[in-house]
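Can you read through this structure? Questions will come right after.
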Amino acid sequence: MLILLTGLLLGGTYTLIALGLTLQYGVARIMNLANGETLVAACFVTFWLYTGFGINPLLGLLVIGPVAFVVNWLIYTWLMQPLVKRAKNRGMLEVDSILATFGLLFLFQGLMLQAFGGSYFNYEFLAQPFSIMGNSFGLNRVVAFVAAAVIAVSLYLFLYHTDRGTAVRAVAVDPRAARLVAIDVRRTAAFAFALGGSITACAGTLLSTFYTFNTSMGVLFTMKALIIVIMGGVGDIRGAVLAALVLGLTETLVASLLDPGLTLAANYALFILVLLFRPQGIFGKRPA
Amino acid sequence: MSVPLLTINQVRKAFGGLVAVNDVSFEVAKGELLGLIGPNGSGKTTMLNLISGALSPTSGNILLSGQPIAGLPAHKIARIGVARTFQLVRVLPSMSSLENVVAGAVFGHNKVWGDEALTLARDLLERVGLKGREDVPVAAMTYIDQKRIELARALAGNPHILLLDEWLAGLNPSELRIGMELIREISAQGRTIIMVEHVMDAIRSLCQRCVVMNSGVKIADGKSASVLADPEVVRAYLGDEDDA
Amino acid sequence: MNIPRNEILTLGAGLAGAAVLAFLPLVTEGFWLSLSVNIMLYAAICTAWALFSGPTHLVSLASAAFFGVGTYSVAIFVDVLPFPALILIAVAAGALLAILVGLATLRLSGVYFVIFTLGLAELIGQIVTWVQTNFGGAIGLYVFTDFTETHLYWMLLALTVVVFLTGWLVNRSRLGLALRIIGNDEAVARHVGVDTARARIILFAVSGAFIAVAGAIMAPRYSYITPDAAFNPMTSFLVVIMALLGGTRRLWGPLVGVVPFTVVMDFISGHFPNQTAVIMGLAFLAIVYVLPDGVTGQLETLFRRRCSLDKSSLATTAEEGR
Amino acid sequence: QDPVRIGVSASKTGPLAGGASGVLWPNIKLWAEKVNKAGGLKVGDQMRPIEIVEYDDKSSPEEAVKNIQRLATQDQVDLIIPPYSTGLNLATAPLIAKYGYPQIVSTGNANDLDQFVKRWPNTFWPLGPAQGIADGIVGTLKDLHNAGKIGNKVAVVNVSDAFGLEMIKTGKPALKQAGFDIVYESSYPLGNQDLAPVIASAKAANPDAFVAYSYPPDSFALTEQAQLQKFDVKAFFVSVGGNLDAYGKRFGAAANGILIMGGVNASAPVFQAYRKEHLAATGQEADWWASPVAYASLEILQQAVEHVGSLDKEALNKEIQTGTFKTVIGDVHFDNNINNNNWTVGQWSDGVVHGVRATGNLQGAQPPVLKPAWPSN
Amino acid sequence: MLEVSCLGVRYGRHVALEGVSARVSKGEICVILGANGAGKSSFLAAVAGLVGTEPGTRIAMNGKDVTKLDAHLMVEEGIALVPEGRGIFGELTVVENLRLGSHARRAKADAGKMLDFVYGLFPRLAERPRQLAQTMSGGEQQMVAIGRALMSKPDILMLDEPSLGLSPLLSKELFKSLAIIAAEGFGILLVEQNARLSLKTADRGYLIETGRIVGEDTAPNLLSDPKVMSAYLGVSATTAAH
């Protein structure tokens, strides 16, 4: 039971990390390698708001979410849009976006380095035991889990049960055809990218309540997010959530019953197994 | 017509609950030009996919000159001597037209290489009416020319049997005439062909024999004229007689 | 088959160029040599990477895995076997790993392949770490040899030449054609009789073996081999970035990416040690927007424009002459 | 005046940046400022200002090697301050040796230092062999056990990278030899901060003491989890990270009694003065172990130059091998290039770390106390 | 209703269309005939706003100048296109495809009604609303594409070779449906290779050759024009076959 709950909590963390990229890559078709830097930047901003101004990280969400949305919107329209426009096909866009966001990765990292230096940071927030079925967990983790659940469910409802959401998915499938059904592809893609960025930033805020972070840690998050997004099937929220939970559970299981030294190995092994049997990810669809 | 070249025996293909090809059997003799027709979604493309190895059957077997080929990987079947075109044209976009055809010559049933492959490819391009356009990148070619490339590529493997999936679709009437002439010629040279087509003019004028499918089941098989007059075929596929 | 004249010329020029480069250590030592070792290293790896990823369009992030395997081949056996034998072990280990990966990834395409290979490299790194931790004995592997930077440079240069020759041979072979067809349309490839699985795996093995050799050659430079250095995912990323920057349609494409990339990045880290990341990021963005087709594409466009300029200027002179 | 050019190549980005920017870079800054304020470095009868030439090695051996080459041949610096971490120091050792610079490895150590020194007699190891540090905690536990204060059940975990592996390699046998029963033992991957299962399993084994050969992010995570899960042991030990001032700030009263790797003589006036200067010059607090050592290694370099009176590398090496140096961690003297007087265990007490165990003849150790139960919040 | 004048399109240096003028009114079926590569698809794409037009072009819809509007806004003006190659969303289900058709503001309110209309027209779609569009057969996908275009309640429905790949029966039914659709008041602009069938249904036709309009007449007149007969109807081929 303890293992299960711990695993679920961890899965919640992973869900947070991966949801933003799911949108950015799955819908806006930008393989955002700077995803992890966005997350870390949010950690720093949260830290700065909390320790400098006493703004509670949960309140901080209300600032950081919208700000990240706007910033990512601008990034998309200024930096990514030209790439989208000039790309003759999806492959070219993928290459271009990888190169461009690789540049962004360094840029963000450099800016954070200037602002905060390279040391480790953390702070104490809701680091109180919270008891579930007689086991105690960090309240901050529980809060993050609840937030992850709320975000994932709302995102799912939005994408699968609203017209706007279906439009977002349509853009993911075929941007050219989407224009023919009165979808403003540019705005929709910018919206998806910005929403993805905003979710990633919220993830950063929540994570910072229980993670020790520094400027150089973005890549780790990006890698984890990539693995989850791919394992779930590109662009599929359900897949990403499921993959995140499964990873969380596996890691905890392996750590508790086998050997914590094998957690990451188990993580990747699971990922590889999934792809061996479902080459298009858990919920991925085979292209025709 | 001693040993049939191709034997389809109780072949079945199910996608989940949907049975796209339902225990179909028929034979194709050497040198025959068989029309495979039927309503949309009746399983024709699936049938071709089963023969060419793009899909493997759920059950049943397929024999080419007596040799079982069902379920073999596509490249093996291609080497044994089955070539095809695709319902939506598939050319190799980053290669020239000559290279596209060479691609068919090098690995298929034929297996020629070097100058021999180049000569063969040039000949075939000329035969399909693309002489002098060897170096044009196929991406810049029109639809019908791409279809020609596809045909030449399929022929380059010197296959025992050629599968054409709506190769004539989308051609305008004058192009259609040229296309039909080309198929007739190829058939006249003794090549065995199965063609899937919705253009009845072509079926009527080219095919001696037709197999008709409906909802995955074979509903008719025989001389084109009589099959096309079969009331069930008319009802399910052709529609009430009018202007054809 | 007869070889076209201009290819013979290029080949000759290439070999001559390599011969000239071989003299570099005699001219300069120290920093420039170190930089050249790095350039040569990535020249070899990126070209080897592009042997497979260029024609198939399958972006592999497994370079770190092959590199690490090569490094460890040396680290484990350095005290018991002579160096050439270690290189052979690296070849075998790299190829074997590539074959396994190749088999596992046959059904994968696009981004699934990309991330699978990334995951795989990480997995291997993790397993090596775990084995080291639990089966002690060989913790913290030291590689002490008498190799100097010059030796490393020469070995890498030789490797690069071999990779280029292999690439040239492959391009002229049926295997090369098969891969180009696969890269265009895998379904078509199968239907014209290409054994796509075999072709993919063979070339992946060749590419992986070369990268492993590069890792083996670099091992003496690290002297202390740890999984996180040997299996550093950054290696995989850098390889992809440099090769894409150069362009993968030509055999020499990656090379023209590696040289400017390494030099520019080095210039930046040398001159702006505290703003490296920011400037590197900006430089990168600039490159993406200024060189949309990679360096190769840019060179080719320039070249073409030159030609057409020449022609049009010829035409105008002709006009005027009349 | 012609400045003395001193080259540094260390991590500003990548996985090692966190440690380097906490421990190494600030001390370089502090030292350079202080020396220059005092008029410069005394070389012979000249006072020459110092100029730092710094490069980022991006936490990668390739870059590190290239940077050293650049420093030696392009910039032709007079002295070199070596990289952060054991791995990068070993990777750059052959090159630094080739150019003859003294390499005072303030942030790295290994087990087979003798072998190293034989190969590269210009390397110096202020932190001493890994063995000493790894075994320090064993000695402390043994003392507590012999005094009848704790039982003999220990849970031990380590981060599985070069550092963790070196530590566990000698720490584990030492524990066994000291008669401890290892009731739980495991490693976890570098970068893993989700250590709830580790603490849960350790807790389930019901040990008397907990030993973690850990790195900063995981030191924090382990401590937080232990607190959350009310994992109460009489001795709780974490390694790198526990020495950070931020650690004390983060856990406040809960940190009381926690044992850490390394340590200082917190009551020594030199150290207290150093801490103040560090804060003033860099805006961040020095840690309670590695910072003063890093600073001391710079002082050693400085004093060696002053003693020799020139920048002659060979003479400098000789001087460092034989001389004695007055530093913020006390008098340092190398024995076969190794400093055998090191703090190995410290203990938090009201926001301050006191050294509780040292190798050699370091003075000022305080007796370790048992860790009280986690305060409930 | 739709009026196009002086439309020009070029791809780089290649001029695909030049000075093309055409119009379609309410309830009318108009067909464009022409050889492969004549520029038919380019014409439809230009009207739909998918490709840019040359200066001088004027496109007016219900009297409003819509020349420079982007594709998604064209839909709001009442122009729907069933493109070459269908352009359906393969990874979405049939019903999602259809519902997306009424994403346009103009169609939102009547989405339910239009869905019933489309299901009535193509019962196969009503049978399989949850199937992924890409696993439908060629002809079935065509139905999805047409149905989706209708869902936007267009004033003008443009179809690029809608009978491509349809069985004879379905082609006939399709043209019957088009007649019904037109009778409901939609204007229809059609590009077709099946000239005979389309001219039989259509009211008017345009002939297009290498980017220019070379002829325009009522459908019956075109059908009986011997030049048209041989060039676009392939009469000789059919007669030869019989």
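When the chains are written out, they are named A, B, C, D and E in that same order, and each has its own residue count from 1.
One rule holds in what follows: a residue touches a chain if its C-beta (ideal position, glycine included) is under 8 Å from a C-beta of that chain, and two chains touch if they have at least 3 such contacts.
Predicted model, so just to flag it, every value in this text is computed and none were measured.
S.K.: Going only through chains that touch each other, what is the minimum step count from chain D to chain E?
M.R.: Each step joins two touching chains, and the minimum needed here is 2.
S.K.: List every chain that touches both chain B and chain E.
M.R.: Common neighbours, chain B/chain E: none found.
S.K.: Relative to chain C, which chain has the most distant C-alpha mean position?
M.R.: The most remote chain is E.
S.K.: Could you please state the distance in Å, as a whole number, between where the Cα atoms of chain A are centred and where those of chain E are centred?
M.R.: 42
S.K.: Using mean C-alpha positions as chain centres, tell me how far chain A is from chain C in Å, no decimals.
M.R.: The computed centroid separation for chain A versus chain C comes out at 31 Å.
S.K.: Cα centroid separation between chain C and chain E, in whole Å?
M.R.: 50
S.K.: Quick check on chain D: which residues sit in contact with 2+ other chains?
M.R.: Answer for chain D, listing residues that touch two or more other chains: 12-15, 160, 187, 189.
S.K.: Hunt down the residues of chain B that sit against at least two other chains at once, touch-wise.
M.R.: Touching at least two other chains: none.
S.K.: For chain A, write out the residues touching at least two other chains, lowest number first.
M.R.: In chain A, the residues touching two or more other chains are 109, 113, 259, 261, 264-265.
S.K.: Applying that definition of touch, give me each pair of chains that meets it.
M.R.: The list of touching pairs comes to A-C, A-D, A-E, B-C, B-E, C-D.
S.K.: Given the complex with chain C, which residues does chain D contribute to the contact?
M.R.: Against chain C, the touching part of chain D is residues 12-15, 54-56, 58, 60-63, 65-66, 69-70, 72-74, 86-87, 90-91, 93-94, 110-111, 119, 158, 160-162, 164-166, 168-169, 187, 189-190.
S.K.: What residues of chain C sit close enough to touch chain D in their complex?
M.R.: These residues of chain C touch chain D: 29-35, 38, 41, 126, 129-130, 132-134, 136, 139-140, 142, 144, 149, 218, 221-224, 226-229, 232, 234, 266, 269-270, 273-274, 276-277.
S.K.: Spell out the residues on chain A that touch chain E in their complex, using ranges where they run on.
M.R.: Per the touch definition, chain A meets chain E at residues 163, 166-167, 169-170, 173-174, 176-185, 285, 287-288.
S.K.: Residues of chain B touching chain E in their complex?
M.R.: Listed in rising order, the residues are 15, 38-42, 45, 87-88, 142-144, 166, 169-177, 180, 198, 200-201, 204-205, 236-239, 242-244.
S.K.: If you look only at chain A, which of its residues touch chain D in the complex?
M.R.: Going through chain A, the ones touching chain D are 2-3, 6, 9-10, 13, 109, 113, 117-124, 127-129, 136-138, 210-217, 220, 251-252, 255-256, 259-261, 263-265.
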